[in-house]
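Just dropping this structure here.
Order as written gives the chain letters A, B, C, D, E and F; numbering starts at 1 within each chain.
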């Protein structure tokens, strides 16, 4: 089965990092197909960037539609996730969603730890969007700037572990999530220093995509994630326009 | 004061309709500046369309930045609202937000009535996004298709009133909102047939924009709606890129 | 249009203060009619005082009924608000309600800052009564006593600003409300020192009353704010008794 | 121990009814002292009547202060309850509060059944005020009018039982409350016809008052129900004014 | 009336302590029948111990069924409470439930103070299970170990009072509960040192059991606490098996 | 990796059914180890049965501790789940938990459909226990009795599909769960007849157990699921007693 690992940001090094972490976790028979946003920002950190990045993600999915069996929107915060789930026929899951729901199976409350103040408000909206506020012990962000986004997990490793320890102690977290694509793989290096289970967002997402595929889930033709009816569009990217206008050759009513 | 009436959809006739309704409600000294999305769909009805339309709205705001004192994102569902509030220095409000918060002053629970089934799920997410589920009595949508989006409020007038009456009777609604840009102005025609107060979304939005202007609200430089720090971008529309990169000449720290 | 600015407390100097602040914000054509409670306390700060003050407010409204197009219950905490909304035919809004709902359009969470410890519990019940706990970042009160209620905003200006800054920093507030009638007008003086938008409660209330009037909202004849049926009374103030007994010449079924 | 059975309505026959029901449930050593409001309405059914009746209740408590060890505000809806709890030194409980909290010990969700449509909105606010919405299966009200408030429980007995049965079946209620002072004593007559436990509001209130007395609860001098500091008043009933101004000889700091 | 005071733990000295406290609070005519778990742990402190202790409690109730008119599951945390309420015909209440619901009548938010860190998570689940999170100001636990469970309330008296004072001051608690069977009776000794009402869990439970008996509540034959239909069992304790299989001679449909 | 498939009920045919469904979904390298409760009931349907079954599950886990890498408590309703998660060092997940969290990745709201009325209340408590009420569209149960528990999914296939269709249409469910161990495998047969994704509880549980194993989650030594300190016990099953008393040779502090 092919799982699209869609990075809605423009840094291919971050895509590579996630690909490397994910590949170690895939089951035999699963192939991860990486792709990186052709336009946007180096890492999505705000509502505005998520609005833009989510729209780009839809274009990327439309262009590659038919070449994958499931897709991961690989930015913590899940830009464009519900839109993609609605618009396409295969399972689409978010990095944040996968990490948080997985964490729920290891404790009552998860804490989210990330590398920049700017990410906090967007992450909180993401938790709320998934209806998981009751399960969230808190979101903690590092202060200060960093040198290189692709290296932030090494540069800040000590500070991130400290922040995680404080989240456990002061927020009564049962589980910990290092959030943000650039922190992928950090869990494996530092989990032994943290006294609660730590969820790696990329591994969680890959295993959840495999779970949805194992369940052979069909595309909804009812409910709120049924494919929207065809609608005329103007000025949109061709593949996305074709998908919205039902000109893309896929049937929206055929079971998968 | 200039208030931008931003239609994130591509139908200028709907923009004109809203402009007409809004103009009758403005206070002396307020000017409504209409604008219509250059690309997108005729009316946003789903999460996917809102993801795209919200991103287009940001481009529109960036292009016109400096020419208005406040902006209304004039689609019920508020695509891109929080992103815009974060990114720009002037007050930005949503059609849904304005209608719902205004309705809260006329009763405990408002009902939302609209013209198409497809709109329901997105509207529910909008109510939830604003933390107003407890104040919402329900969302009711007409079945069936319509001939022309610009004329749907006349074509379906009787059915919409019937649906409103059922919302009052069966959902215990205290207030009613006809939701969706194409229904702008309907309230004035049919409010006398409905036994609870009816909120017109455009009038509510115009008056709320005036309220925010009267309060002379400054742009936040703290909190979750402070302007994000400058960030490099690739491939985005020029005005939006300039805004994100802080190349647009406006300072993010000066009080307004 | 005439808007009754009803102070349910007995201090005319506080009424004057609110009148002065409100007059600067009214649209052309709006007249504010001040009135001050004939009995009660200098400023309502507790549940008991609100119970009493709210009942007095109903008497005041009944006596003046027919002379105003909308009314503001001008004490933060909104004593008697829902009772008044139910009993009278014109829009009635509360100072707290108007400030909080307006604040919701400038950020996710508002903080409430006030001048005395005693006010905290009542304000919290008010936030809860309006279903807005999720939107409230916290309520902060000054310690210690003050010399004169009419001058508390000047005497405590520095401390109130400090408290506001702490609310922004420690409670992650996006918007700030200086709450309590004696603090009316403070926002204009100190907003430039606070890094988030500040809502003046009186300006918010005046603009919201104007918004409801612009919407030409009718009195509900269904829903939970319909006028109660006539009921015999004993020993109540004459105008209020007449209103409750439907002896006041107004019809409860005529659309406004 | 003396328990004040305070009817905030003006019908002494309803007071007598509650007294009769309560007397059969008191423990040896408990005396019920009835009192009836000197002004107001025959039965409180709306927010406006509750605002007025609650203020009258405070006057009644102030006049009798010192003559009772605990008080019951004997109208379902609990007018003035939190104000009274704050203002006086002895335990004060509400008829609705006592019935609902007692019902919580017999099932997950209680249903409220009452005799008139007008009572519904006020009762819902009461449930919400006590933070018990999650425990409430629903509120059902009879349609139509009745002949005599003092006889409504006999006149409507069959309809009330039918409504109770529907609440059990359709709302999945585990427990039933017949709500409204005029329905006191009904439970004893019809409980055998209803397949879930039925709570009599007066018996619940009497036993809860006895429970609070058995616990020898002191008056709070901290927290949100501490007695408010002395405050000047104008024009209020003498005993209530004395209580608010701390001129009533009782100390607010002495433990009981 | 006979009230079973069921200690689901194995310490008879703790049973004796609760019996002594309870006996001072019973009304004339009430007899407390103590019983102590034949197997289990000295005091339940965790979810695992509650799972086991709750199952033992069901066996104890089944063995004694017919000899009591109501039962108290006398461990704060209420192990097996809902199961017992469902399975048996007489009222069954929990120590935590009784204490918390009683506390609700003395303030908006209660704080829970206990003697060991281990108890916190279980108590929080108990609060949540009863739908009372909104009414709970917080749960505070002592650090460190203690010498003897039966003497912990004396050994730690000063520390427990200090913790209570901090709960009042820092958590804004209106009422205080000393939680955990070994703390029974502590309230009477230290309530005068705590500035808010203090609820003794055993007294609360005894008075609530009396309240339910005064209400002559029947066993539900509908709703979620109706007795489950007969079901075959294997390997369970004889009395419990008989109860589950309806071989115990009691009818599940006869009103009590 | 060995995953214990623990049926807390006494029917080995149901264990076999789940084993068969699960085996088809395991990844290479995963082995399912079935076990069936030695005492209890044929299928857990009520709170009382869950209390008992959960305690038996703990004994089963203790006896087999060391022979498996993760465990599934294979009864929808998750008896003893949190207790087991706390007590043992390997990941333990519940059938309901796995199905519901997986369903969350396919839609906003899942509906639960099951084969007997008795299961409803317990399932609702399970949803609430996991903090997922907001994500649950409703729980629907068949009326009437069935012949054989092991064959109920075939006997009632048509009725279950009908109920599922009604849940989609009337409850606005986005995803469907057939709940209850005896319905394992039904999804594969009927999913094509249901217009939304259908989650098979056993497949979901197996894949979630694999996900937790892929994440190499350590046992918490902090937070609310840390292993409880050693405690003396009396009269418990030997292996469980040894686990509670820390006599079982496993260290509670060593990372896994």
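Things worth noting here:
The criterion applied here is as follows: contacts are C-beta pairs under 8 Å (C-beta built on N, C-alpha and C of every residue); 3 or more make two chains touch, one makes a residue touch a chain.
The chain lineup, named per UniProt: A, B, C, D, E, F = Aspartate/glutamate racemase family protein.
Predicted model only: the values in this text are computed from it and were never measured.
Taking each chain's centre as the mean of its C-alpha atoms, the one that lies farthest from the centre of chain A is D. The chain with its Cα centre farthest from the Cα centre of chain C is F.
Residue-numbered contact pairs of A-B overlap by over half with those of C-D, the repeat interface among A-F, C-D or D-E.
Taking each chain's centre as the mean of its C-alpha atoms, chain B lies 45 Å from chain F.
For the pair chain B and chain C, the distance between mean C-alpha positions equals 27 Å.
One simple way to say how far apart two chains are is to compare their mean CA positions; for chain C and chain F this gives 52 Å.
For chain C, the set of residues touching two or more other chains reads 108, 121, 224-225.
Those residues of chain C lying in contact with chain B across their complex are 25, 27-28, 85, 91, 93, 97-98, 101-102, 104-109, 130-132, 134-135, 168-169, 172-175, 187-188, 191-192, 195-200, 203-204, 206-208, 210-212, 214-226, 255. Chain B makes touch with chain A in their complex at residues 10, 38-42, 45-52, 54-55, 58, 80, 82-84, 86-87, 118, 120-121, 124-125, 129, 224-225, 228-229, 231-236, 240, 244.
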